[in-house]
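One chain, chain A, appears in both complexes that follow, with chain B as partner in the first and chain C in the second.
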Partner chain A sequence: MNVVEVKNLQRKYETKKGWVRPKKNSVNTVRGLSFCVQKGEVFGLLGQNGAGKTTTIKMMITLLAPSAGTCKVLGLDVEKESKKIRKKINFIFGGEMGVYRRLSARDNLLYFASLYQLPSSMIDQRVQELFELVELTDKADCLVETYSKGMIQRLQIARGLINDPEIIFMDEPTVGLDPIGAKMLRGIILNMRDKGRTVILTTHYLYEADELCDRIAIINHGNMIALDTPENLKKKHATKDHQTLEDVYIKLIESSNSEFKEGENR
Partner chain B sequence: MKSFLKMSYLDFKGHLGPFQVEEFITLDTMYPFLSLVFYCLLASFAFQTNDLTKWVIGNSYLLCTNVCIFSLGSSFYGERCYGRIRSIICSPISKLQIILQKGFFPCLVCMLTTTLGFLAGGLLFRLPFHKINFGMYFLILLFAMMGACSLGLFLGTIGLLTDQMHLILNTMSFIILIFTGSNFPVTQLPICGRIISQILPLTRSIEAAKMIFTGYDGNRLFELLVGEFIVGIVYLLLARVMVYYAEQKAIKKGTLELF
Partner chain C sequence: MNVILQTIRLQIRNSWVRPMFRFCLIVNPIMNTFFLYMMFLNSKETNFLAYVVFGSGLMALWGCICFSSIGDINRERYMGTLPLIYASPTSFGYIIFGKIVGNTILSMSAIVISYFTARIITRDRIQIGSPGYLVISLILAMISFSAIALCIAYLLMISRKTTLYMNLLEIPIIMLCGFSYPIEILPQWAQVIAKLIPITWVIKLIRMSISGVISVREYCKMFFISTISIVVCILFTWWLYIIIDRQIRVKATLEVS
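So, the complex of A and B:
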């Protein structure tokens, strides 16, 4: 069963500068992506910086409207039925933004639990479970401004799981995490898959994608250049000397870059 | 209701930090109180009068601008700057509830600040406190602060569309200072000034509060309070419409987190 269906998805950013003779600039970040994600799958979106991964995720979480094409999450259109989608999904973005630094971690989670309208009878229990999951129980009542980068990222993970989402979108979730934290997150992702939850993940760590993802889509300049299981990608594109997913990725990106440049020169 | 109060408190705490008495006294009370003293002294020299009742009342109501205009006015802009706006926009909760919970505790703080300023100003400038019906005073104050907080929330929602909030909030604080009748009688303003005063919160409350010292007509007082209430509701609805508009526009243009 497909929980995400993306067909010919495109996104163009248009900016205008100046009042008298405004200069218009438009950038195509996503240029016709099509893919499906199945229920219970860990789906990886890989690509260079600026390839369109975050833009694609933002369209799937209803934060950005597609310029063209369709995007359905849980069978619902992201533009027309965003309210219904929002109850059932959540997201984790890498980085230190997105939390209240002047609140304790517990207060942060209580606040976000209220945003997702969790029944008050189960909020405290859910928050405690999440602190245990991300191993922040000891520091749960400390102000977030006293947290390290990795601790904030753990809190972001807990925030993203607060409503026990059917699909979780993770945009570089291991940024700032130490090896133990990253291992913990990988455990959480695999545990979610075992529970039948769907995870859509972007990362720059290819060993992580190789270990976690059931299928991987590699995108470059907003186009899909490969979509398959990590094993198949390696089988199809590996050479004698270059056999890891990282080797395959670099080979595909370099070949896509030269095709893109040739296309631009024409 | 319990959940609303809890969320409202967490939002308030998250924006203002661990609430400290010194912070409240210096930032929310002392600084605006000194402004009150300044305007009252200015009025006593300009109008050659010792009866400063009108100015103490008017300026005590302006003590709320620090919280209503500047704190509430920058609330949504802050959510944008600190990357929390995506969690708020992408959550299933009603956006009107978010607006209301952002205004609840600041409204209480404004009532406290105004009352403290009024009492301190009254003692300093020897106001005839025995003439006041304190029940009526608090009723007027409640309506006034609801209206002012609604305006602050409306201004705050503009922060979803622009990064020029300092300009907007400073301009608005001076518009309130000039046009609400706190320092200059509304009747002496030019016609356009009188029109502006009628669409602002506080104008009617300040008139009503002045009436409780000079003796009041019940019908007129009722009219003023209803007027103030309607102005507050209109600004709240405008805030809701603005959040909806900003959300749609930002989702289409991709500008929610851009400046």
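So, the complex of A and C:
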């Protein structure tokens, strides 16, 4: 069963400069992506910086409107039925942003629990469970501004799980996490898969993608250049000297870059 | 309802911990009161202390709204929390509404600070002609300030130049709406603009209540105009919300570029 269906998805960013005769500039970040994600799958989106991974995720989580094409999450259109989708999904962005630093971690989670309309009778229990899961119980009542980068990232993970989402989108979730934190997150992802939840993640750590993902899509310059299981990708594209997913990834990106340059020169 | 209450609570806590907000809320009305007192000292106004207290209190209140309620959009954008609250299942309109109401409630204390500052400076009592009407007028003022802040906050959602606009907005509203003088002294064209802003009408109501309501009919007439202007502002904001909710996703203005 497909929980995400993306067809010819495109996204163009338009900027204007000047007041009297504004100069318009547009950049195509996503140029016609099509793929499906199945229920219970860990799906990886890999690509270089600026390839369009984050933009694709933002369209799927209803933060951005697609410029063309369709995107359905849990059978619902991201443009027209965003409110229904938001109840059932959640997302985690890597980095130190996205928390109220002058509030305690508990207050942060309690607030997001109310935004995700959790019944008030189960909010405290859910928040406590999440603190235990991300191993922040001892520091739950400390102000977030006293947290380290890794602790903030753990808090982000807890926030992303607050509504027990059917699909969780993770954009470079292990950025800033120490090895123990990263291992903990990988455990959470695998546990979610075991529970039948779907995980869509982007990462630059290819060993992580190899370990976690059931299928991987590699995108470059907003185009899909490969989509398969990590094993099949390695089988199809590996050579005698280059056998890891990282080798395959670099080979595919380099050949795509040269094709893209040729296309631009024409 | 729970979400709005939680947002009000969070907003009050978040605002209070910011030194700039505390400055706007505490130091600003004290200084405003002192300067307005000096300006009105030799005026022929008999109950000028009321002008000083409410004028400076409302100026500080508007300052807090500009730099907190409206500026909060930018702060959330830089903290990276704006996309998180936007993409939550709760209507973004409720969240922004809660934030603005929270700030307005906290900022109303600027009037109390102005009052005590005036008492300390002058050791004089402020004569309020109709205290009951004043309470009603102040409640309406709170609704009116919230409505206008909500409208501006939505408008600024589609721009990243929030700081510039909120600086541009502060002084013109103070001058146009007659915070510390009657708008009748303004040029005709400015009076027309002033009358389109709901705040102008509630300030007239406050002033009428301080002087003492002689004609209840006149007060009710002014109350009706105030309410209508607030309703129009809310309806305009609602229309804006529908348009802007889509534009936010098209223009991608929720995050720092």
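Basically, the second predicted complex is superposed on the first by the 266 of 266 C-alpha atoms of A that agree within 3 Å, B and C clash if a C-alpha of one lies under 4 Å from a C-alpha of the other, contacts with A are read in each partner's own complex, and residues count from 1 in each chain.
Here is the rule we use: a residue touches a chain if its C-beta (ideal position, glycine included) is under 8 Å from a C-beta of that chain, and two chains touch if they have at least 3 such contacts.
What you are looking at is a predicted structure, and each value in this text was computed from that prediction instead of being measured.
In the three-chain model built by superposing on chain A, chain B clashes with chain C. Look at A:63: by the touch rule set out above, it reaches both chain B and chain C. Judged by the touch definition given at the top, the superposed model places A:86 against both chain B and chain C. Shared-chain residue A:121: touches no atom of chain B or chain C.
Contacts of A:49 after superposition on the shared chain: neither chain B nor chain C is touched.
Across the two superposed structures, the residue set of chain A contacted by chain B and also by chain C is 13, 58, 61-65, 83, 86-87, 91, 93, 95, 97-103, 107, 110-112, 114-117, 120, 159. Within the complex formed with chain A, the chain C residues making contact are 2-3, 6-7, 10, 13-14, 17-18, 79-81, 83-91, 95, 246, 249-250, 252, 254.
Contacts from chain A toward chain C in the complex involve residues 13, 58, 61-65, 83, 86-87, 91, 93, 95, 97-103, 107, 110-112, 114-117, 120, 159, 163.
By the touch criterion stated above, chain B contacts chain A in their complex at residues 2-3, 6-7, 10-11, 13-18, 82-84, 86-93, 251-254, 256. The part of chain A that touches chain B in the complex is made up of residues 11, 13-14, 55, 58, 61-65, 83, 86-87, 91, 93, 95, 97-103, 107-108, 110-112, 114-117, 120, 143, 159.
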